[in-house]
C-alpha cells in the first residue's frame, strides 16, 4: 500500500526547523511514483522592471512551513491520496534567458513523460512559455486559467520575442492553448491602446478586468470557467501581481487596484473538479517583500491549487 | 468631583513627545480610583512561529499617540466619565512561560479585586488563559468574544498544555467560559482535520469562519452576539492576526484572507452596550511591523474597545 | 501642428532608466504652450506627526515610470490632445513654512496666468492653502473635491493658523471655495468632539465619512458630485491618507479603516467631464514607504486625474 | 541623605518594559534637587536633507533601556553621587523654527537658573544655537567640543540665518564660545571652497578633519583638549553624523569615511575631568535607522558623557 | 576510499537553489562516518532583550550558499579530508527553556558518543551550557575560547539560573571548563560593578576587553591562547555580538564599539592547530538583520572555524 | 570662454529637488564639448547571486545630490576646468546579456571617438569587459586598477564566457590590459583553489588581498601604483563589494572583512596625477540598500575619481 508523503507536523519539529522544501514535504530525487511534483524555477532575467524573483522559490518554501495539510475551508486533504514531493529547482542558466527557457522545456518534457503533475514556483512569468510548450506536446492545446494584472500579450520587448510580457501571444501563435478556453482574470492598469486587451479577445480569450471584479465574490466566475472548460486539460498560471499590492507587495511589476486574497481563494475553490494538468505561481520577488507575506500568500495559493487537483478528496 | 484622566492633547505637546503610555494617558502607580486599567503583558515565549511580541506593548503605546479622545464614528467619549490610566507592564519572567502565566493570574486577581476593568496589550495569546482564570474566579464563567485567525483549541503543543495555541480548550475544560456564549470570529487557514474547528462547535462554541465573512458587513454578527449574551459578563480577546496580513503584517502567525479593519470596527461598534468585564489585544510583533501600522491598528482597536465599555456615553 | 509630449515608452528605454520626471515626460523649463503642468512641492514642515514628505515628489516620479499612456479601464488617453510636461519642483524655503506658502502662492499665480492647469505632487497638505488662494484669485471661489482621512478644519495648531490641519477652515474663511460645492470624502478616525466634522457641515460642506463608504462602490458619489457641481471650476485635492494604511502605508498621519484603491479609481472615473482647474496629491512620505507602493499608488492617482481633465478624449 | 535616582535594573523589570525615559531613570516634573537633567528636543525643521529627527529623543530613550549604570571601561558610576533625571521633552512649536529656537533658549535659561546640567537629545543641530545662547548668558563664552562631520559655519541657508548648518558661525559672531577653545573633530566631505573650513581656523577654531584621524586612537586629542581648556566651562555637542554611516546610518546628512565608535569612546574617555556644563547628542533620525542601532549608539554616547561630568567618581 | 562530502558548487547549481543546508553540504540523517556535524539549535527563549534567534540557523544556512570550499587567506580546505555534513536542527521544545536545555544535553551526548565534532548554529547563548556539560562529560573540563560582548557570568536573571547571561558562571561552578584556560575576548559595555568582570578574573578567566583591542591586530592574542592551551581539548563559543553592531546588527543584545570582522578572522586564523573539540556561533537574530549580512558573517565565521579543526590541511 | 557645468547648489534648490542626474549636473544630449561623461549602465543580468543592480545608476544619482563640488580633503575642484555632464543611461537590452555587452561596446566606441572620458555607474561587473574592449581599441592595452572583493578571473560560469565573474580573464586573454600594470586590491573570501588568485599572478597581475590591508593606510599602495604605471593610460574599475559589508551592504555578492571607506579614499587620493582614461563604479544593488548609504558611498567614490582626472587642479 502506498505510503503518502506528509508534511512534517508543527508539533513534531518546530516550524522554523526542517528542510526548506515546500510545506516541509520530503525532497524527491526521482519522479518515480509521484503524482505531483512541486518545483522551483528561480529566474528573474525575463523581467522588465524590478528583479529579484530568482529568490522566489526559496522564500515561498520558507514561508510554506506555516501551512498544515488540511484545508479548513473546503475540507480538501491533498496528501491523503496523492503522492506529492518537492523535487527542487530546475538548474537554469542564470546568464541566458534563451538557454533557460530551453532547459525548462526539456525538464518539463521529462516530468510529463512520467505522468507527474508539475506545480512550479517562479521565477518571472517567462517560465510559463516553455512550460506550455511541454504541456501542449503532451496534452495538445490546453485550456488556460491565467490570473494576472497584465495580459502578457506583447509581440516583443526590446526586440525580444520571449520575455515575461509576451508569453500568451506566443502561446496563442504556437497553438499551445485553446483560445476560447483561455481566461484572463484581474488584468488592469495602463497600456498603449485598447487593443492591448481587445486583440486577444479577438483571438477568443475571455477577459475579466479587475475593475469588473472589485468588491465582487469570484465564485461565480470560477463556476463559469469550470462549466466552459469541462473536462479539457487545463493549466493554471497564477501571477502574484494579480493581487493588489496591499496583499502582495513583493513583486516586480505591481499594479494598484487588484484582487484581494479572499477573491483569490473564492476563484480557486470554484475551480475544484477541473482536469488540472499543471500550474504555476510566479513573480514573487523577495527583495521587495521584507515581511515575507507575499511569499506566504504564494505558498498558500499553491497549497490551494494542490487542493483542487484531480484525485483530491474532502473529509 | 472626579477629575477624569485625559490623554495629552496633540496641541498641548507634539505627538512625538510625552510619556510612552497608552494614548499618553497618565501612568498610575496605584489602582485606587480607577475604572479601567490599560496594561501591557510583554511576552513572546508562548509562541510557535515568529517571536517578537515582547515588544508589542511598547510599540502599541508609541503608535497610540496619534489617537484623540473622541470617536468620530459613534460619538463615544470614554474619558468623559470613566477613570482610565495606564498601569504599565506586568513583571513577567521572560525565561519561564509557566512562571509568567502564574504572575499574570496573580496580577489579575489583584486588579479584579479592586473592580477595575483590565484592558491588556499582549504579548502572545498564551496570556489570555491566566486572564480568563482570574475572570472566572471573579465573575464565574464569562461569555467570550474571540476574534482570531486560529481557534487556539489544540490539546497540546510539544507536550505543553499551556501555549498560545491551547488557550480556549483549557478555558473550556476549566469552565472559565460559557461555551454557548463563546464566539470565534475570523478563524481560517489550514489545519489537520475538520475537527480542529468542529470539536469546539460540539462544546457549544459559535464559529464564524473568515470565508463566510469576506466582503460582508459585520454589524449583523455583532448585533447577534449582543442579543445572545445579553447582560452576561463578557470578555473580548482580540488577536491581531484575525485581520488580513495586508492590514496587520506585524504578527507571529499570519494567515491570508482575513478580516479587514472596517470589518473589525463594524464588529466592535455593534458590541456597544454589552457587559464587558475586560479585554485584550494580542500578538502584535513589532520586528515584523516596520511601518508601525500593525501597532497603530492595535492601538485603535483598543481605543474602540474602550469606547464600548459599560458607562461610556456618546455626545 | 502641435507635437504632443509623450512619456518615454518602456520598450524605447528600460523603465529603470530615463529622466526622473513624472511618467518620464519631457521636463519643461517654460510654461509656453503647455496645457497641463505637473510639478512638485517638496515640503514637510507643515506636518504634525511623521515627517518625510519632502521626498514625496522624487519618489512619486520614480515609481511613475511604470505607467503607460493609455487608461485601459476607461480608454482615456491624456497625451493625445493635451500638452503636458513636468516643470520640476517649486523652490520652497525648507526652513520656513510661512515663506514657503508665500512662494507657492506666487508660483501658482504665474502658472495660472498662463492658463496652465497645475497638478501638484506634495509635500504635506499645507501646500493646498496657497494653491487655493491662487485658484480663487484666478477663478473665484472654486468647487472642491477633498479626499482625505482628516477634515483639516482646525482653527490652529500650536498657535499657528497655517498648517496641514487648518487648510480648509482658512479656505472657507477666505472664501476660496464654494462651501456647498465642497465634498470631503473618506474622513474618519478620532477627534475631540462631533463638531470637528459637523461645524464644517454647518458651513455647507458635504461630508462622506469612510464608515459610510466601507465595502461600497464609489461611482455613485462621484456621479452625485459631478451633477452638483455642474460646470463650476473644481479643484481636486487628494490626500493619500484617505486610503487605508494597507494600501498606502507611507504617509505621515495614517488612520485605519480607510478607502481602498478600487474605491479611489471608482471615484475619479466618475468625476470625468467636470471642469477641473487643478489638482494635487499630497502626504506621500517615502521614509515610511520602503516598498515604494504608496508612491506608486500616488503616481497612478495623478495619472487618473490627468485622464479626467477637460479636453481628454477616449479611444 | 540624598537618595540618588537609579535606572530600573534589567532583573527588576524586563528591559522591554518600564517608562520610556533615558535609561529608565525616574521622570522628574521639577528641577528641584537635580544635578543633571536629561531632556529631549524633538525637532527636525532645521534640517536641509532627510528629516525625521523629531523622533530622535523617543528612539534614543527606547534603546537606552539596554544600558546599565556602571561603565566597565573606566569604572565611572554617574548615579552614585549625581542626582540625574529625565525631564521629558521641550514643548517646541513644530511649525516654526524661529519660535522653537526661542522656546529652547527660554527653557534652558530656566534650567541653568537652577544650576542643573542639561544633557539634550536632539533633534537636528539647530537646537545647539539657543542652547549656547543660554550657556553664554550663564557662564560667559564657553569652550566647545564639537564632534561632527560638518563644520556648520555657513552664513545662511536659503536666506535663513538660523539653521542646522549655521550654528557655529552664529555662536562665534555672538561670542557664545571661546574661539581658541573650540574644537571641531571629524569634519570632512565635500564643500564649496577651502574657506569652508579655514575661515573658522582664522577665528581660532581648532579643527581635526576626519582624514587626519582615520585608523588613529583619539585618546591623545582628548588629552590635548583637556589640557588646553583647563577649568574653563566647556560644552560638548555631539552630532551623530561624526560617526561613519556604517556605525550610524540613521541620520539626516550622512558623510562617508567618518569616525568609529571606538574612536568616539576614546575621545570621550579622555575628556574626563573637564568642567563640563552641558552637552547634547543630535541628528539621530529614526526613519533611517530601522535596526535602532544608531539610537543605541546615541544612547551610549550620552551615557558616556554622563560618566565624565564633574563629580562623577570611579569605583 | 572515503568520498568526502562537498558543498554544491556555484556553477553546478545556481547559488539561490539547492538544499538549505550549511554551505549546501549533504544533509545527513545519521552520524555514521562523520567527522564533523554542523547543526542548528533554533531557540530564543533564553534571551533577555530582543528575540528572534530561533530563525538563526535557517538564515545562516541560507546565506552560507555564497561560501566556496577553499579558504583563500590561509589555504585551508576542510572538505579535503574531513567528512562533514549538516545534520539539521535539534528538536527543542520552544515553550520550555529547561526542557530545551535537557534536550540539547542529551543530543550532544549522542553526538559525542560517536566521536563527531559538533559545530552549532544558535539560537541564543543559553545553548552553550548544556553543550559544555556534554563536552565535559566526554573530555573532562575543556579549555574555552569565548568571544562575546558580554561575560555571561551573572548568577541569575529573574531568579533563573540558566539563561543566556549565566552560562559561564554555571560552567565554572560545575567544573565544565578549565578556568585558567578560559579566554573572554571582546567583552565591553555597561554593567553594575567592576566585579561583573573581575570576579571571573579571580576564578582564573583571562579577559581581553574590547577597549584593549580597538584598532589592534588580534593575531597575537590568538597565538597566546594557542600556546597557553597547548593540546588541551578546547571549545570555541562565538557570540556574534562580539562584533560591532556595524558589522553584525542582527543580534539580540548589541553593544557598541566591538570587534571588526578582520579582527575576528585574525583571531580564528591564529587558533589553527589547537585541539578543537567543538564550537558554536550564537545570537544571530534574523528579524533584526534585514540585509542578511549578520547571517552571512556568521556563516563565514563557522566556515573559518571548520578551517581550523584538527585534521584540516592547507594546499 | 568655456562656461563649465556646475552642480546645482544646495542653497539654490533644496537637495531633494532638481534633476536626478549625477550631483545634479546638467544632462547632456550630445557629447559635444564634454571632457567627461558620467553615465549609467543599468544592468543586472550578468550577476550570479542577488540581482538588483539595474537600479544602481538611479539610486547613485539620487544620493549624489548631497555632494558639493569641492573636495575638502585634497582641495580638488573638478568642475573648475573640466566640462562634465551626465549623459544618461545606455539603452541596454534587459533580456539579453550578450546583446547588452555589444551595445555597451558600441556606445563606448562612440564616446571615446569624441575624446570624452567616460565614468560609468553600474550595473553588475560584466559591463567592464565591453568597456575595456573599447578602451583597448582606443588606447591599446590599458593599465588597470581593479578594486574588488573578487578577482573575477573565472574561465566560465554555467558555460558562459562573459559574466560578472569572468571579466578580467577575458581582458587578459584579449590583451585589453597590461598584465604587470594590473592591480587587484581587496580580493578575499573563499574559492576553489589557491590558483583562483595565483594563476593571475602568473600572468603578471599584482594582487593585494584584503587580509594584507586590514588596519592599514592605503596611501602607500596608491603611491606604488602611480609610480609603477607612470603615464600609461589607466582604467579604474571599482566594485563596491571591495568595501566591507558594514560600509556597503547593498551589493550582490558581499564578502566579509573588506576594506573601509577611509581606505578607499586613501587609495584614490594617492592615485592623483595618473593618466586616467576612464572608470566605473559597479555592483550597487538598491534593493539590498534600504538606507541608501551604499549608493551614497558609490556616489562619493565616483566624485573622488572625478577629482583625480587629468586636468583637475586644487585650490
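Order as written gives the chain letters A, B, C, D, E and F; numbering starts at 1 within each chain.
Methods note: contacts are C-beta pairs under 8 Å (C-beta built on N, C-alpha and C of every residue); 3 or more make two chains touch, one makes a residue touch a chain.
Fair warning: this is a prediction, and the values are worked out from it, not measured in the lab.
Looking at the partners of chain C and chain E together, the chains they share are A, B, D, F.
Looking at the partners of chain B and chain D together, the chains they share are C, E. In whole angstrom, the spacing between the mean C-alpha positions of chain B and chain F is 55.
With each centre defined as the average position of its C-alpha atoms, the distance from chain A to chain E rounds to 41 Å. Separating the centre of chain A from that of chain C, both taken as means of CA atoms, is a distance of 38 Å. Shared interface positions of chain E, i.e. residues touching 2 or more other chains, are given as 14, 16, 48, 54-55, 94, 157-158, 215, 244, 246, 288, 290. The list of touching chain pairs reads A-B, A-C, A-E, A-F, B-C, B-D, B-E, C-D, C-F, D-E, D-F, E-F. Looking at the complex, you find that chain E touches chain D at residues 48-49, 156-158, 187-194, 196-197, 209-211, 214-215, 244-246, 249-250, 253-257, 288, 290. Those residues of chain F whose C-beta lies close enough to touch chain D in the complex are 9-11, 14-16, 66-73, 75, 215-217, 244, 246-247, 260-262, 264-266, 290-291, 293, 296-297, 300, 303, 315. Every residue of chain B that touches chain D in the complex is listed here, in rising order: 12-14, 16-20, 27, 40, 42, 54-55, 57-58, 61-62, 88-89, 91-92, 94, 290.
For chain D in complex with chain C, the touching residues are 44-48, 50-52, 54-55, 93-98, 157-160, 163, 287-288.
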